[in-house]
Each structure stands twice: as structure tokens, then as C-alpha cells.
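Common to both upcoming complexes is subunit A, partnered first by subunit B, then by subunit C.
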Partner chain A sequence: MSGLGGWVGRRLRRVFRIARRRSAELDSRRDEQDERRGSRSERLSGNARRDAEHIRRLLGEPPELVIRPIDGAESQAILVYIDGLVDQNQVAEHIIAPLTREPSAKAREPFPAQQSRLETLDGAASALLLGHCVLLRDREGATAYDVRNWAKRAVEQVQTEPTEVGPREGFTEDLATNLALVRRRLRTHRFRSEQFVLGEQTRTQVRLLYLAGIARNELVAEVRHRLRSVDIDGVLGINHVDELTSDNPLSPFPSTVTTERPDRVASMMLEGNVAILVDGSPLALVMPGTFSALLQSSDDFHQRFFYASFTRMVRWISVAVGLMAPSIYVSLISYHHELVPTRLLFTIAASREGIPFPPIIEAVLMEMAFEVLREAGLRMPRQFGQALSIVGVLVIGESAVRAGLVSPLMIVVVGMTAIATFAIPATPLANAIRLLRFPMMALAGVLGLFGVFFGFMLVVGLLVSSRSYGVPYLTPVIPVWFKGLQDATFRGPVWWHQMRPWYTARPGQLRRQPPGQKPQPKGPRPGERP
Partner chain B sequence: MRYEISWWQVTAAIIAVQISFLVTFTPALTSSLPPVRESWLAVFISALAAGIIVAPVHSLAQRFPEQTVYEISRAVLGRYAGTVFNLLLTAMFVLWAAIAVRGFSLFLVSVVFVRTPQIVFVVCFLILALVGAREGFEFIGRISEMAAFLALVGLGAYYAIALPNADLGLLGPVLAEGWMPLLRQSLAGIGVFGETAIVGLLALPYLNRPSESAKALAFSLLLSAALVAAGAGLLVAILGPEGVALSAMPALTAARIVTLGFSLERLEWLLLVLWITTLGVRLTVLFFGACLGVSAVLPRLTVPAAAWPVAAVMLVLASIVQPTMPDVLNFFRPESYLRYALPFELAPALLLLIALLRGGQSTQG
Partner chain C sequence: MRLRIMAVAGLAALAIVAGGCWDHSPIEETAFVMMLGVDLDPADPDQWVVTQMIALPAHLSAQASGSGVGPSSGTPFYLISSRAASLQLALSAIGRQVPRQTRLDHMRVIVVGEEVARSGAGPVFAWALRHPQVRPGTVVVVSEGPAQQFMDSQPVLDPLPGSAVIGIIRHVQRIDVAYQAHVYQLVQWVLSPRRDAAAPLVRRINPLTARVPAGFEQQPAAGQPPSAPGETLPNEIEIIGMAVFNGDRLVGAVQGPDARGVSWIRGGSQGFISVPYPADPDRTVTVSILHTRSSLDAEPGDDSLRLVIRVEGEGSIYEAGALTPLSDDPYWPQLEQAVADAIAQEIRRTVSRLQQLRADIFGFAEHLYRRSPDAWRRVADRWDDLYAQAEVEVDVRMRLSRTGLAR
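Let's look at the complex of A and B:
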């Protein structure tokens, strides 16, 4: 009986398998047919008037679409472009004039810098939306000319990553401008720029930049693969790309470096990093973004290494202060009085006299008040900024203490924490620290110092288990790479930086410069005879 | 999936596991038998003796490259005996981890958080262990690097601050009572340093260069011994031999009286930080060992999946084992500790012996 059942089962499974395979084959054949039919219908007909009409209908008959027949042309020619996206002067001088005024037919060719042949209606529509103008000619097909010139911001001083002595120009929203800003700093034949178009509806142009031969091939391939796998209807900024390609989508910590400084992008590309530019975004993504890279600032490379190293150490300390200062304060005051030096304990006790809230409530209230002020400061029109800071100072700094709601020491701790987070150069990292401060305070309020270190271990665990494009997030600190520490925890002198990081550069290209670059001026030393 | 770790990460894991002991119980272990003042010397003898327990781990790692202890046991002992061995070893890992958590949580409940239920601390440590064990030994290796760094810097700072409070004259005269009392004193320390064998057994299959296993084991043993010896000597020099012998946790007692000027006093927080950090690593290693064991006995369960039942068992066990603080302290008494630790720590030696007798070799190409 069981033998019969087994036989029937096997037969049934086989029948189902064959049916599934047939169905899959039929589906794929149908898809292929649909694709062929679609591409045929999308092809340009070669009749200029009919193609212009098709394009107009495809784009929804927008009033800003200009369809202009060219009178002097030998064959029927129609120029199509979208008003506002193209440079009218270029259209008139470089396209219309040669077509109408040149006596010989051979010379009647427009001459903008960039042009491309078009085969399909979709291609023509995409070109128009990119700011190209399309010339349709009977029997000769269609050509797109790059004459884009939409309203754009000039290159201005960077806003979010100010520098003391470094260069000041920052990216704009225009991809071509941004690309030029990076190229200007890396005049090498190794510079590679690969184009991707992301977003079904937005058709956003994205560029992948790297230095061929220096960036690790696996890294470039991985970034390329992740960009190709993005399938979404709209990409409106760099954060979309970041979130769609990140290694740790659920981590509060950023896994890429986001910067608006072309000099930072160039400097990181020299180390083998890969950068992404997105049209319409004044920021660049650089990957892999390790924790130590997020704590580097452009100023580090424009100042003497002693001072640069000092400021780097200050930033590491700022991370610790920003994350744990309020929680340590809360735990000491709530649970571990005995650990506070006696004199300090008296001072704290005096300052807390008459405060109605326990330290945890006090700390959360103050931190929340600060966050509200910060958020309001960002959203408010600039002209109200000063008024807001006055209110903030009076409410937080003065009145709350006088009303006996918070202790002056809590103001000091909250203020110190806020300043520490502003010392972190990468805003996404500072935001993550700011966010994690609240659960840390809650743990401190419930479990004291044990809670603080439990939270700290969880945060470290999260950081240790994270990766950025396959690279351990805490590299070169954990796992430790001693040579890399000279550019992570402190900034060694430039002549000392002989190696590129192993996790970004190609194995054969690890050597950045030969040894012996330390300057040793020739000639007699003081006290020596020439 | 097999991960790879460096010899330094193995060393860091071993140091972190042993430092979690050093902070609290090791000085008590090495110093509670007379002559207390030579406990720093006893530590070196213990470490040397522990080397004999640790050496088979290196031989096993060379003989059975890239195989976990549970795979080795089945290759050496056969299917059934290997499974029984694996079950026993897994039980030892769970028990050892439960005792570690129980000891720390009882200490917190009786000294600091007297109104907090003990299970809260057990759950916190189990969360840490769960996260670590589910991520695999690569994660444990990395977190150990951080913990070992903290331990080295923290202990270095503690010793440096404590040194002006020490009277080094209390350490002499050396060997005034001869060798025999010193050797007796060093017996308990063997149990502490013998843990190198357990961590090595779990870590070495993941070593990226198997030839460096001896370096990792020897270096970690030496560094731990140096740290423990310095700690033991310093405690005797601060508290005096009688003070150390009377105290259950002499390191914490000394931290209370150590001061630096008027501003830095009461350094228990530093030791507590080191204790929590290194205990987290210790527990994660033991927890990982237990999960690996369950996964070996029940091959359908992966290590991350095995972490949940192990956590449940450990939660129950950590609530019933060693019911009171005196029980915990008794467990760590020099007379009893070696008796409990040795069967666990001699497992690699036993495996190697049987492998040598049966001529067993690696089952992997």
C-alpha cells in the first residue's frame, strides 16, 4: 500500500514539475514577445512630423514643449526641446543658425559639444527631459544635442562642514558642476566616472567615481552591483541611494561618508575609496565609510599634524562625552554617591537642593528641551534665529535654574554634551550619538553604572558587527591595524603616510609613496662647518 | 560559515576571559593560603603549570586543523562516545557561564542594587551573550580586542595610581618558608590559567594562520600571568598579607582605599567597568561554546538558532545555582576551585591522549 502511495506521489510530483517548467517557459516567451512588440512600437518612424507628434503625446502635451520646424533645412526638419531646460542662445546659434544659413548642405550641421543618435521614442523623450534638444529629420533619424542650461546655484561656500584653513568651495545641485569640481583636483588618466540612471519616474543621473588601478576592484564591483540592483520609482537625493545600498539598513550609524566638500572626496578617492554623486544633491557619498573616517575633517589635512592629531583625539573624546556624559552623571547621582570624590559630592548636593525631580527626569527634560530648540533653530526662518537663541538661553540657562526645576550642574552636563556632539564632523554620526543618548540615560536611570556599561557594550557590539561595503566598521581600530592607526586615531605627518588602507586600495597599490620623504635639508647644520 | 580571526584576537579573548577573574577572585585564590606575601611568585608557578594543560590544545589544533572541539571529539571518540562527550562539554559550558553570571549578579544585588531582582542582571548578561554568540567567533574576537585593550589600559592605570599607596617592603622576605607552601599556594591558580585551554579550544579552529596557535596561547598565558602577578604583589603591598587573606575580593577592597591626591579616590568604578566588560566577553565565549555544542549534537540547529534554548536553560540555571554569596565565594576557594575546574580544563588533554592512542587524524582533507 505504501509502495503504491509512494509511486503515485512520485508521479504527481513529476507532473507538477513538468507543468511548472512549461508554465515558466510560456511566461518567458510571452515576455519576450511583449518586449519585441514594445520596442518596435517605440522606434522612431523616420517621419519628422509624425515623430514630433508622438513625442508630444508621450510627454502629455506639455505647454512648455517647443516643436519648431526648421524652414531652411534641405529635408523636413523639426527641432524639439523643453523651454526652461535648454540654453536658448546655444539653440539659436549652434543649432538653428547652421541649419538655416549655411549655403552648402554639408556645412549644415549643428555643432554643440555633445550629440547622440536616437533610435526610439523613449530615448528622445528621456533626452528632452535631460535638457537636450532633439532634431528630427525625415529619413535621417533623430539626433539629441546637449544644450542644457537650467537654473542652478553657483559654487558657494560649504554650509555643514566649515573649515578653518582648508578650501571653502562646496558641491552644488548640478551633477556636471560637481563632477568638474572633483575632476579639477584629480587630473589623472585613472579617473573613472560611470553613469547610472536610477528611479523609474525621476530618471536621476548618478555617477560612480573611482581611481582605476587604485580602488579595490571588489569594492568597485560591489558598489556597481548595489547601484544596479536599485529598483525604485524615485531617487530624490543622496540619502535614497545611501539607504538603498547600505550594509546595515537598521543601524542608526551611517555606513558611508556624506560630504559636500570636493576636496574631501578627492582625498578619499586617492586612498582607494569610491564616491557617488547624485544629480540634484549637493552632497557626495564616499564608501566604505568607517567610523574613523567619519571622525576625520577636511581641516586635518590643512594643518600641522600635531594640532590635527590633537583635534582628532578631541573628536573621539567628544563621541564618548556625547554618548555617555548625561547617563554617567545620572547614574552617579542616583546610585553611586560613594564613587564621587567627597568635595565634588558636597558641591553636587548643594546644587541639587530643592530640585523636585529625580536626576533621570531632570536629564531627559533638559535634553528634550535642547533637542526641541535645535530642531526649531533649523526650521525657523533665519531672521528669527537670534530671538530663538535668546529664548533658549533664558529658558534653559536662567529661568529653569531660578525656578528650581533643574540644577546648574545639569545645565553644565547638558551643555557640554550638546557641544561635544557639535564637535563631531559627520552630521549623520552626530545624529546617531544624539539618538542613542536617550536609551543610555534610561538604562542609567534604571540600572546605574551597570546600565551605562551594558548600553555601552551593546553599542560597541553593534559597531563591531557592522560593516561598510564589506569592511569592518571600526577598522583600523577593531580589528586593529597598527599602520592604519596613524591616520585614524591621530594624524601622522604626510611624509609618514606610506601606505594606503588595505581595505580600500588594491593589493598592488598599497604603497602611496616611497619611504624617505621626511625632509632633510642639505647643507651644514647649526654649529657644523660648511 | 567559518570566520577567521588573528592570533592577537585569540590572545585578547583569553586575556579578557582571565581578567574578569583577576579583578575579583584571582587574588583571593592565589593569596588566601599562606604564605600570602609570595602570591605574586605563586602566580608564575601556576601559569607554568597551566602551560601543561594548555599545550594539548595546540597539538589538537595542529592535528585537527579548522575543526571545532565537537568535531574533533566525534572524530576521536566515535559517534556515540563523541556525542556523550559533546553533551558533557556543553553542560560544562552552560554551568560555567551560569556560575559566572550568578557570581556577578549576586555581588551587584548584595552590594549595590539591593532592591533590584537578581534576574534583571542575568537577563542583561544573557542579552550580551546572545548577541555575541549569534554573530560568531569573528565578532567575539573583535569585541575581545576592545575588552583586552580596556583591561590593559585600565589595569595599567589602576596599578600606576595604586603604586604610591603600596609598601613594597611587605613583599619580603622571599621564600622564607621554603618552596612547599609556595607550591601549595600556586595550585589554585592553575585552575584560573587553565581556562586558556578552554578559550583556545573554541578559538583556534578559526585562527587565520594555524601555525600561530602556539604564539597566541603562550603570549596570552604570559601576559595574563604578568598582570595577575603584578596585581597580587600590589595588593599584598597595599593591604598587607593579613588584609589580603581576610578579604573576599581584595582588588575591590584595595580600590576603596587607593587615592591620588584629593581629587581621585575610590577606584571601584574602574574595576567594575573592567569586570563588566571582561565578564561580557567571558560569558559570550562560554555561551558560544554551549551553542556550538548544541548545534553539534543536534545538527539541524544552527549556532544562532541554538542560542535561544541555551539562553533559556542558562536563565533557569543562573537563578538556582550557587544560591547565596557565601556559596559563590566557597566555589572560588583555593581548596575547591581546582577540583571543579580541572575536569573541564583537562578535556583537550584527554582528547589528545585518546587521539594519540587510537592514531586519529583530521577527517578534513
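Let's look at the complex of A and C:
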């Protein structure tokens, strides 16, 4: 025992030593890169022709780089842009035309929407890559004009978070469009958007959005700090940012709200939450994300509160069903018959008559079959959808029961569980629950109900101990906050929502609306004498 | 060091996992006993004969007939019996014949054979209370004749005789002759010096031959030999009254007309009662009792005892024997009195039968004790004699609130 332990210990120490050496090497290499980056940020010379040549070489002499000299009387001017990233019409109309057609040289200035002075070679290159066109002029220096227009998708219906009556437009891959979608809903001078560029190679634009004076300062500072600490080569989507800034990197539960609905971002920002938009991703990241926020849907606020409260409770129930239904079923029929009402027990027993697998194997098989079906449905080309559903329903459902491989009741339980997970509005949360179902089933198969509750306690322990940006994950349930419960377990009427959550909003800005707004008849009713 | 601690912790965690498997009993490897009959071997009264009714789920559920051939043929259970010198030995001896593990978790009824009850049913109750799989709420009934024979019946409406028995008891205890007795109640009553035990008395019955009046017997179909009476045992079951114990021994029963008073005395009755119409004795008025409340007491004198039974209730007329409206009937108070008298009559009859048996199944002594422990202590050792000789005072007040004629 001690020999084995010592041997493993020595091995591990050696592995760590090697790892430490490797990380030192990496550090030195990073320093080299930094140096090279420094050399790239050399200043533009002021000589248009030479600068254009430098830029061309820096970008690797791509054929789509357009370098177009513009004849002027006084000075040499060269227009540089990347074909495909800019709007040809704008270039022709707003930049080339004024520069060439204007009779007086004084008035020869382009007039696009946005322009900025460039000082360094590096800046010029990134401006080009962003879809600006760069005008290099002798002695006058370089200017970048924003004429970007690349292929992008129009604003379309939300795909992953459909609602019954709420607004339907969803984010696209274009940051400017997404920003406009949010801004259009929050027309306030408090709206702040801070720019970050993440990813050494992708240079992805990331925006941090919040309402100044409403969002808690510490929260904004913390998000800012975490965004600054991101240092990878490529940010291709929201998940890169999420995984690099998450509070509980090893927890299966998401600690931020991801949404593709601008109205949801706006409503959460009103409560003091902070949002992150990443260029190229049709999703926004909203933090802090608590468990109850993940169970909210946009529909909750677009429907009358009784119904909204009801659907919200349905969602809490589906979390429980999705997590535990198969495991409770397995443990009941293999350990605790006495808990099942007699007639139900006989129905179950009759359906299990002649099934070759023990319940736990049966349950895992069916759950796996369902997961495979789901994954296949997601991955395969749309045209085959019908074929899949036929095979799924007939082969997995009908034929497996007919052949006596699985009991019909197991199909019912698995089906119910599957549907329950689809009732959870936040896909990452639904995925976490889907994932935890399997260890729960294993515990049920081995320990019965004791195992189910053991697993449930582990899950609850995990939830209780996690935080999202300093906010306990189960707030307002644990620690309990009664004012907030009215927006977590059920949705109170709008005139109840007088407070912003204390964990997102600034202490001085907790009051959201004045009290006493419940509509009540004032004065005499029509036809009544005063 | 940390590694070793973790290894030990891991092994300890595995031990928990091993513990779970001990309780593992998959549903398909289990046989569920629905009903248990206890008899004495007629040849050797020292031997217990235990009959177990094991459910066959495949015959029970609708799913077995799912392929569309209609209800499955064959009984949904089978009976299996074994004998041994003790109850538990007899019970476990069945393991030699049944390929699955039998479990008593879902057993709902214990049938005590008449012979067992007469020679003392205490061991049965004690066993049932001790056995971890038997629920204390299991219903106990006493069968007329051997339990085994009773269990072989096949009630049509409820294919499981166990649930059929319980269903009938529930129904019957609302209207007349019997009330439920659970294992834990019976044990309490047997042990209590102030109350005697009683359990529903059951028997098999053939609803047609038993009830059809003379002259209405079914003619045998042409070509078929007429079936001799008594050739097959009747299939249905019936509750006929209460089996009355003294201590743990069966001493007799209140049944038939004697048992009609049982539910009046217990209170909460929703039965029916018929009385002749005061103005016209040829007409019969039947009253449905909506609810009753009863209170019992015993008043000991110097060398005598008075049992006091007060019943209050409300009823509604279901059958008046004529179409005339009764709402402004001048005989209304007399009718109410007639109903009360009829109920009092039935109560007296039941109590006098119980006095004959010297069994205090309604716990008059218990009521006395609760009211005045000292008074009870003074009569405690003479109680049985005093009870048998006691004078019975019955006070029934009935109100008829509805004439039953809505149109």
C-alpha cells in the first residue's frame, strides 16, 4: 500500500516538475511574441507609397487588398481597402468621388459616417481588417473611414427560445446590429457600452453593456476585470468568453444567462445585470446568472401574471422531473415496491413481465437511445428529419416494446423526462440536468431511493455552494429573500415589482417604481352619483 | 499521505454501494401475496396451514390483453398452501414451491379460519404485528369455515378477492352490519380489559341461488344436464356480520338482523330503515339516513349497570309507497318517531345479543373509564356479570329533513 502510494506520489511530483518547466518555456515564448508585436506597432512614415507597401507586406500581400492611387494636384493619396469587407458603393460615392470630382482642392474631403486618424502601421492593418478603408496621404497622415459592409444575416425570428406572445426578433451574428437591437429598447442616457478586443488572432470585438447608475459598480468592475484577463488566440463565440470568465468552471450548471433575445437582455439590464455581446455570435451573455433567472422565460413578462406564475411553477416541476423521474422509477421498481400503490404496481409488474433487462439497464438504454436520437436530429441535414422521426418513433418506441426489449412504462417515463427537459427555457441548464440524470440513475440502480436522495443532496450542495459574480446561485431561494421570491417561484403582478434585486442593482437604486400602482377605480363609477 | 486517505475514503464509499445491493429485489423476481389465510390442520391441530394468494400481474392488467383479444382468461391469482408447526415456518415453506421471492408488502387482508379463531387467534395477530413486511393497517376478517375455502372464491367485479373484501367492508360499514378491524386495532382490543375484539365475518355466497326467491330459479338450457345444487362452490363473497371475540377466542357472532344495530351504535351510519306509515300501516316508508351521531356511556349503580346509547340523526325519505306529497303531512312528527323507534329496536336487539355473548365490542367500559376512572375501577372485577345483566337505555332522535319529492 505504502509502496504503491509512494510510487504514485513520486510519479505525480515528476509530472508536476515537467509541467512547471513547460510553463516557464511558454512564458518566455510569450515574451518574444510581445516583442514582435511591439515591432509591428511602428509609426507610419508619412510617405503614402512606402506606407502602402508596408501594409501590403504586413498583411501577406493578399490579392484582395486593393491599393488605389488617387490623383490629386497637391499631394499623393493612396486608398487601401480589402475587397469584400467594404461597401463598394460607399467607397465610390463617399470617398473616391469627393476626392476626384471636387473642383477646389480645399473641399476635397471624403464624407463617410465615421473616421479616425491612424498613427501606427498596426492600427492601419486592424482598421483594414475591420472593413475600414484607409486613405494614406503624403504629409497629412493616414485616415480610416468606416465603410464596412460584409455579408450578414438579416434579423430573424428567434430559434432557440421561442415565445408564445413575446417579441420575435433575435440577435444576428453582427455586433452592430445586435447593439442596435438592445439600444432600441433602452433609450436612456445611462446606457453604456464598453469595447474590448479579445483574441490575439481573431481580434473579436466584444461589448460590455450596462446601465450606468443602476448596475452595481463592483459588478461592472468585476466583469471588466475578468474580460481584460482573457488572453487566448481566438474568440469565436460567446462560450469562449463564458468559459474563461465563469465562476464555477467545473460545474455542469451555467453561471450566466445566455440568450438570443434582445428583449430579455434589456429586461435584465433594467434590473442591473450586465450583458456581453460578442461579434460573430447570435447570443448575449448576461451576468450574474442565478438559477431562478435561468428558469425565467421572456414569455413570463408578456402574459398575465396568473398564467405566467403557473408556467413558471411548471418549469420548476420539470426541473425535478427531468433530473429524477427515471431514477425514482428505477429505485421504486427495484427496491421499494411497498411505496407503489398496489394496482399501479401490478400494472408495472405486468408490463415488466418477460423483459430481459433489469430496470436500471433498461432505463440507461432508453435514455441513451433518446440522446442519440436527439443528437442525430440536431446534426443531420434538415431534409432527413422525417426519416429520423419515423425511425425514432417506430423502431425505438413501438418495435422495441413489441419485441419485448423494453417495457412500455419505461418508454412513458423516458418520454416524460425528455419532454420535461425541453420545458426548461435555458438550454445550458437543460443540458446540465440531462447530464446529471445519468449519475442519478446509476445511484438509483445501486442504492435505491437512498441513492436518489444522496445524489439530489449532492446536486443541491453544488448549487448552494456555487456563486455567479459574487451572487449565491440559488438566490433568492437560498439565501432567502422574500421580496425576490415573488419573481422567482412565481411572477407577481407588475405593480408588485417595486424593487430591483439587491445583488445586481446599486444600493441607492433599488427602488424601481413607486408603490401603490395597483389599478383601482377612483371617484364615482360611471352612472353613479358622486 | 493524502493519497492514502483518499484511497481509504474511496473504499469506504464503495462499502455504501455494496450495502444497497442487499435490498435489491427487482419487481420481476418478486411474487406479491395479496391475501393470507390461516387455518389449523383438521388432522393435526398443532399444525398451522397457511394459504397465500399470489397475484399474477400479467392476468390483472389491461396490458396483457393489449393485443385485442379481450379480457384474459384465467384467474389473476393462484393459491398455494403449506403446513408447518409455526406460522412463519409454514409461510416460508412456500419458498420451496414458488420460483420468486414472496413478499407481504401489498397484502391487504388476513383471513382467520373459524377453527383458528375459536382456539385463539392471538398468535396470528402477534405474528402480523411483528412481521416487518405486514402493515399494521392490514384488514383482518374471520371466515365461516376454513379460510382456505373462502379464499378460493372469484368475485367478478373486483378480480382480486383481497380488494373485493376491503371494498365490501368499506361499503358495508357505512350502512349496516360490520366495521373494519385492522391488525393493530385487534391487538389493542385483545389486550384491553375494557373492550372486546371483533372482526368482520365473511363467507362465500352465490348471489343468484342465494337470493332468487322460490319459483324464479333459472331453468337449465335445453340439452344441458341440470346442474346439481352444491356441485360447485359459490363464487362471490359476502360480509354477514361481526365475529365476536372474548380475549383472543371467537365466542360467537352478531349477524343477520342481530347485526343491523352495529352501525347505529358506532355512529356515522348512512343506512336505510323502513317503517310502516303511521296513517296507513299497509304503506311502507323507507328513510335514507344522511348522518347519525352516537354517544355511549355506562352508568354503574350499586349492584347494577345501565348502558346508555344516544343516537341523533337526520334522514330523507326515499320510498313512501305512494305519490302523495309528504311535505305538509300531519303525521310528520309521528313518522319521525316511528323511524326513531325502529332504530332503537335494532339497537336493542344487537346489544342484547352481545350481552348474551358477554362481549363488550363497542367499549362501554372504555367510555365509562374515560368519564370516570374511579367508577370503572369499582366495577372492574364484576364487569362481565354486570354487563350481561345490564339494563339498556336507548334514546334515538331522528329528524326527517327532506321529503324526497323534488318534482
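Throughout what follows, the second predicted complex is superposed on the first by the 480 of 530 C-alpha atoms of A that agree within 3 Å, B and C clash if a C-alpha of one lies under 4 Å from a C-alpha of the other, contacts with A are read in each partner's own complex, and residues count from 1 in each chain.
Just so we're on the same page, a residue touches a chain if its C-beta (ideal position, glycine included) is under 8 Å from a C-beta of that chain, and two chains touch if they have at least 3 such contacts.
Here the structure is a predicted model, which is why all the values come from computation and not from measurement.
In the superposition on chain A, A:474 contacts subunit B only, with no contact to subunit C. When the shared chain is aligned, no partner comes close enough to touch A:215: not subunit B, not subunit C. Residue contacts after overlaying the shared chain place A:335 against subunit B and subunit C alike. Looking at the shared chain after the overlay, A:465 reaches subunit B, while subunit C stays out of its contact range. Shared-chain residue A:355: touches subunit C; no touch with subunit B. After overlaying the two complexes on the shared chain, residue contacts for A:48 are found with neither subunit B nor subunit C. Applying the stated contact rule after C-alpha superposition, one finds that A:408 touches subunit C and leaves subunit B untouched.
Contact with neither subunit B nor subunit C is seen for A:235 once the two complexes are overlaid on the shared chain.
In the overlay built on the shared chain, the residue A:118 is in contact with neither subunit B nor subunit C.
Taken together, the two structures place residues 335, 338, 342, 447-448, 450 of subunit A in contact with subunit B in one case and with subunit C in the other.
Those residues of subunit A whose C-beta lies close enough to touch subunit B in the complex are 335-336, 338-339, 341-343, 447-450, 453-454, 457-458, 460-461, 464-465, 472, 474, 478-480. Remark: subunit B residues 6, 8-9, 108, 112-113, 116, 120-121, 124, 127-128, 131-132, 135, 139, 141-143, 145-146, 262-266, 268-269, 272-273, 276-277, 280 touch subunit A in the complex.
Across the interface of their complex, subunit C is touched by residues 1-2, 5, 8-9, 333-335, 337-338, 342, 345-353, 355, 358-359, 408, 446-448, 450-451 of subunit A. In the complex of the two chains, the subunit C residues touching subunit A come out as 3-4, 7, 16-17, 19-21, 23-28, 30, 32, 34, 55, 57-58, 60-64, 103, 105-106, 108, 133, 163.
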